[in-house]
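Pasting the structures in now, so scroll down.
Both complexes below contain chain A, partnered by chain B and then by chain C.
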Partner chain A sequence: MDQNRQGARASYVALSVFVAGWILLPSAVRRLNREAFVEFQAPALHLVGKSRDLATFWEKKSRGSEELVAAGRDLARINAALELKLKGMEDVRRENTRLREVTRYNVPAEYLSVVARVATRDSSSWWQRIVIRKGRNDGIRPGAPVVFGDTVVGRVTAVHLTTSEVDLVTSPGFRCTAYLEGDDQNRIVLINGVAANSLGTAKARVCVIPYDYLLPAGTPARVTTTGMGGVFPSGLTLGYLDGGAYATQVGNFKESLLVPSRDLYNLQEVSVLVPIIQTPGEALMQGDQFQ
Partner chain B sequence: MGWAWLILLLATYPWLLGADLAGDTLASSSLVVFVSGTCLIAPSRRLKRWQCVLFAAGLGFLFEARRPIPDGTLALTLVAVAIFLSSNRPLLRSTPRMLQGAAVVNVGACLVWYLAAAFASDAPSDGAAGHLFGQLLLAGVVGTLGLVPVALTQNAVMDRLGLPPAPDVP
Partner chain C sequence: MRERADTKVLPSTPVEKLRLYVVFGLFSLGFLYVVGGLAYRQLIQSRDLKEQSDNQSRRIVLRPPARGRIIDRHGFVLVDNRARWSVKADLAALQKEFRSEYLRLLAAERARQAVQVDTERVMELARVNVLQGWLNKVWFVIDENQPKALRKPAPGEATPLVSPGERKVNIEDLRKHLRERRALPFTLVADLAFPVADAPGGADQGVKSVARFIEQFPVEGPIRLESDIIRTYPFGGMAAHVLGYVKDSDDLPPNVDDIAEVRAESMQKLRQTGKTGAAGVELSFNHVLKGLSGWELWTKTSSGYNQTRLKYSEPMQGSEIRLSLDLRIQRTAESALAEIKDTQGVPLPAAAVMLDVQTGEILALASQPTFDPNRLAGRITFAVYDEVEKSGAWLNRATQGLYPPGSTFKIITAIAGMRRKVVDWDDILECGASYRVGDRDFPEHEPVGYGEVDLDKMLAISCNVWNYQIGLRAGPDALAAEARRFGLDTPLLETSSADGNGAAHTELPYAAGRGLVVPDRDYKLRIKAGPWQDGDTANFSIGQGYLLTSPLHMAAFAASLARGETRTVPTIIHDPNRDGRHRGSSPIGLNNAQLEAIRGGMVRCVEEGTGRSARIPGLPIAAKTGTSEYFKNREKAHLAWMIGYAPADRPVVAFCVLVEGQLDTNTWGGKTAGPVVKQMLETWVGTGEKPAAEPAR
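And now, the complex of A and B:
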């Protein structure tokens, strides 16, 4: 019994020494350790994701041929309408290029779109994340914006070999600038993720809303990205203002909540917009990617 | 057998993955299905102390790897718990005691990672108390209900590895 107690005491002492050493260790060692455990789990996440895809495949394969013919017909109609739109866009693009040349306007960042399947979703008060099945091997870099259609999903926070972690718009670590629909002066507001302390849908906070801003009547106000800061392209939808805006304690500005325009936890696939040329913001993110 | 802890960790991993998948379905409610504390109970009765320590560290690091929790917080907490449990094996001498232990360890470890994540996050913690209560309640329920299947799997693996059985009486 005495030997057991002595052994336990020695173990506690060894643990205390290890804790001190762990705190003093260079952060690179801790990152390496974390990365090793992430890579250990990556094959299982891929397997889970692929099993889901297989289940969806068989579910779709079991559908009748009439249903498929109807879906094909609908797609052909949509394609025809989109082709018409595309031709109109070509004229707009030429005009846009000409005007940029005339005004010597800075060319906005160009992005390479990488489509990725969602492996898992993970959410707590202090983080709301999805893990996607594309990583460093596919050219994804930390800080890259993640979208679905014209809707912002979040931003890549950590990149591993074959997987990446994406902080959602509602996650406490998320920050960006935005414009509000109905504000003719295009004044900038700030979007911050907040801790999700309820069992309902997570929301973000919209700060620095000008005091004289009035919500458009009838429809919820759309919140769009500004394109400033070089992370998100401009004009993407972040979500909608939830109800009214309330005055802050100081009283100079108003605040409101942002409801994402899609259910971010039901997405199966997203696009990562990887800047073709590395942006300064991205370079800053690289030292921070394992947090 | 020196590598018993690693083999046992690999055998326990499907339960951790299952908990992550359950958390995936609960994602919209911002709750995490946490079972790492429960997974530590059965091995603490049979593994040697140093093996139990390595097993606990592995459990903790696996949970922390993809989450913004300060490095090593949960792993080192579980290591301390592993030292305590493997030094006081009579505490886990019967199934009811093991169930109690699973609930206490799982809730305690859940509290540790929740507070560590709150400390690391710069978001204000308004209204966090209610959510913390819900999270701890879930950890307690999952920890208690999950013990029997997890322990059955782990005991089967430990039997195959030829580890000595745990004494049922102090």
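And now, the complex of A and C:
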């Protein structure tokens, strides 16, 4: 009986010592510890991602020939349509090149594009955050925008050696400015992710919509980046305005929801646009001395 | 057994029992007292105690509403609201940082000096240091031209877009905030877009600042981005004197009656700073525009910071006001006035008014110089205030400016003469180069005189001598009575309705009414200028001397004349159902031939007389010019006038233009004011071919 009691006391003491030690540890050591943990689990994340790729590969390989023929036919049609579009674009590109030569206008590239596969979704916040299989070793820096095609996926919030965490547009930590399709005056609105409950649907809020903005009839209004904030290039699609802006915010402004244009559940691959010049926001995120 | 007998606990004797009962009784009483007290508190006093507790632990925060829009008669927005993005620091969330900085400063202070340290001062310094650190970060992110925040520009380098003062935490503001509104976030940058609004390309730059903050500043943390509403005037200084401007106000319209379960009247209320009208329609219709405040019910911490929001109600926007102004005509009037400049190229002080003849609705009311109310919408700085003051732009010359009407008054002299039957429309008078009154020759503006002049010719050429003669024949009392009959001494823009407080109401604050003078014998004695002389009558007859009126009064007179009546009640509010009846109005009291002669003379004035510069082919205009004298810096200068109506045969609009000439400018009624009238009328008719609207008969 006494032995049991002594044993329990010893374990309480040990726990208290551990907690006190953890609290008293310098923050740098604690951060290092967390980094070490993330790096420790990074190979596992890579393995999960690659396993999924392999599973997809075999799943596709097992499809029947009829299905493949049908898919090939559909692809051919899409290719034909795209080729037509490409021809039109070629003229525009040539004209663009000619004008640049005439005006000697040479715009330096602002971003480096790094393509990355999605390793996993952060289980702590489900589809609000994804982990990609590229990190500091590949030149990715925190704050960089992440896109898929012409669509914004989110922003890099944490970078590790071989992986990075990306907050999706529906994450509460995501915030950016946008233009609404059909607003001739190009007034900026605010996009802010909304914390979803465990079983709820992820969504983002569109705030400060001008009171006199009318939704275009027919197709849903496209919401695009402004390019004014110094993070996202202009004209990228953030999503579409949910039909019917609802309740007013402060009397004069409307609020609505953003329907992300890509299904964020099925992201397989994304591009990280790493700014060539470090932005002030990035410096703040890294805690750099800014004086 | 023995041991058991020693451990006796129950009383055995009656005395012991009695003692025990007394003790029990006392305990019971005490218990009953406690239970009774508790019951009293819980059952009887609970409501009061709960209220007391709520009052101590809760507060109401009032949020200002959006003000109503102001639109012109066609629905164009003249005054609107825009999002103002401000950066605020959550002081409750910064407590740890304050404490840590305080301890650091305290240690440094104690190491530096052994004497007693003023801990209050150190705490204040700690707060300022922490907030300044965050403000530096904000500027670091938003100012793309100064990425190295607070760094002094090198010689030859572009200067910062904002003065360094705007990048410092104002210690006085912080003290006031902690004293009065500790629970609310402290404003670090009041308007992210404002500091650069005046710079070239400033509007875009302002939006960029907002966008940079939104996208680059960390979302989490003690620094918040808040959006509220601020007044915006899309056309800048256009109609600024009519629209007015707003100023900060803590006097929010309360709207907390719907918190049924809370006795809101005894609860602490914190008011976020809102806006109230300070001039123009913004002030006079503040009760319509102001809306209803929103409220939030918060629990508060022991330190006085807000903790949890329990309930809230959104503010309600104020109502919209539709003015009678026509945006197109107003813009034309202002741009035409801006073209009249002195020898230094500075626009001359001037005013222009256009009225709807039938309804009295004001289509344009311009005053120059003007100011941009956008610069006053956020915070009125001394610099901006002084700049407006120095330019003389606070004065609404159309309604508050008081001037001798000069020759435009000759129409009233003629009416007085015909009503007193001292002259008729077809009488011909001999008019020489001057007219002797007493021992003084009153001059004609034509050195050789005009010879034979009738009413029609007098109005066309603006003959002085004709008026000296008729004025003297009718007498000063008749001239004064006629001027009063047309309302030249009656305040305008007053309404019979009352504002929200039941106070008397004018459509424009300080509207035309103060200082108007229609002189007579009593007036001259009252100002101790001696007895009335015939010379005074001669001056009076040509609209000079003591007579003072405003451009709005003269426009209203022109509208009355166009309808053949004595009064027009101008209004700045559009009402499509206005019946066109004017309070206190009566027929002029002239026969058709007399009225026709006046109209004919005014048409000749434009066709071939002094008002030729206003002529528009195809549009008959009836007008009268005037060039009166006034004293500027004790030297004589000229005022250029033109009043009238159009179309002359079926009047729809009446107008008045006044330009204050300077000592070194060549300012004449027709020549200077005529082109302004012409441009306003051209805008009114569209291309100048025909009237834009049928007269409202």
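The rule is short, and it goes like this: the second predicted complex is superposed on the first by the 200 of 291 C-alpha atoms of A that agree within 3 Å, B and C clash if a C-alpha of one lies under 4 Å from a C-alpha of the other, contacts with A are read in each partner's own complex, and residues count from 1 in each chain.
Here, a residue touches a chain if its C-beta (ideal position, glycine included) is under 8 Å from a C-beta of that chain, and two chains touch if they have at least 3 such contacts.
This is a predicted model, so every value here is computed, not measured.
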First (chain B), second (chain C), both or neither: which does A:Ser65 touch?
neither
With both complexes superposed on chain A, which partner does A:Ala8 reach: first (chain B), second (chain C), both or neither?
first
In the superposition, chain B vs chain C on chain A residues touched:
B
Considering only the touch criterion stated at the top, classify A:Gly230 as touching first (chain B), second (chain C), both, or neither.
second
According to the stated criteria, A:Ser113 is in contact with first (chain B), second (chain C), both, or neither; which is it?
neither
Once the structures are superposed on A, label A:Thr103 by its partner contacts, choosing first (chain B), second (chain C), both or neither.
neither
If you stack the two complexes on chain A, which partner ends up touching A:Gly173: first (chain B), second (chain C), both, or neither?
both
Please work out whether A:Ile188 is in contact with chain B alone, chain C alone, both, or neither, and reply first, second, both or neither.
second
Looking at A:Val19, would you say it contacts chain B, chain C, both, or neither? Reply first, second, both or neither.
first
Using the superposition on A, tell me which residues of chain A are in contact with chain B and, in the other complex, with chain C.
172-173, 291
In the complex, the residues of chain A that touch chain C are 143, 172-177, 188, 190, 207-208, 226, 228-232, 247-253, 279-285, 290-291
Chain B residues within the chain A interface of the complex:
13, 17, 20-21, 23-24, 26-32, 49, 53, 61-62, 64-68, 71-72, 76, 79-80, 83-84, 87, 114, 117-118, 120-128, 130-132, 134-135
Which chain C residues qualify as touching chain A in the complex?
63, 65-66, 81, 83, 136-137, 140-141, 144, 147-151, 207-208, 210-212, 214-220, 227-229, 291, 294, 314-317
Touching residues of chain A toward chain B in the complex: what are they?
4-5, 7-8, 11-12, 15, 18-19, 22, 30, 33-34, 37-38, 40-41, 44, 48, 120-129, 131, 165, 172-173, 192-202, 263, 265, 291
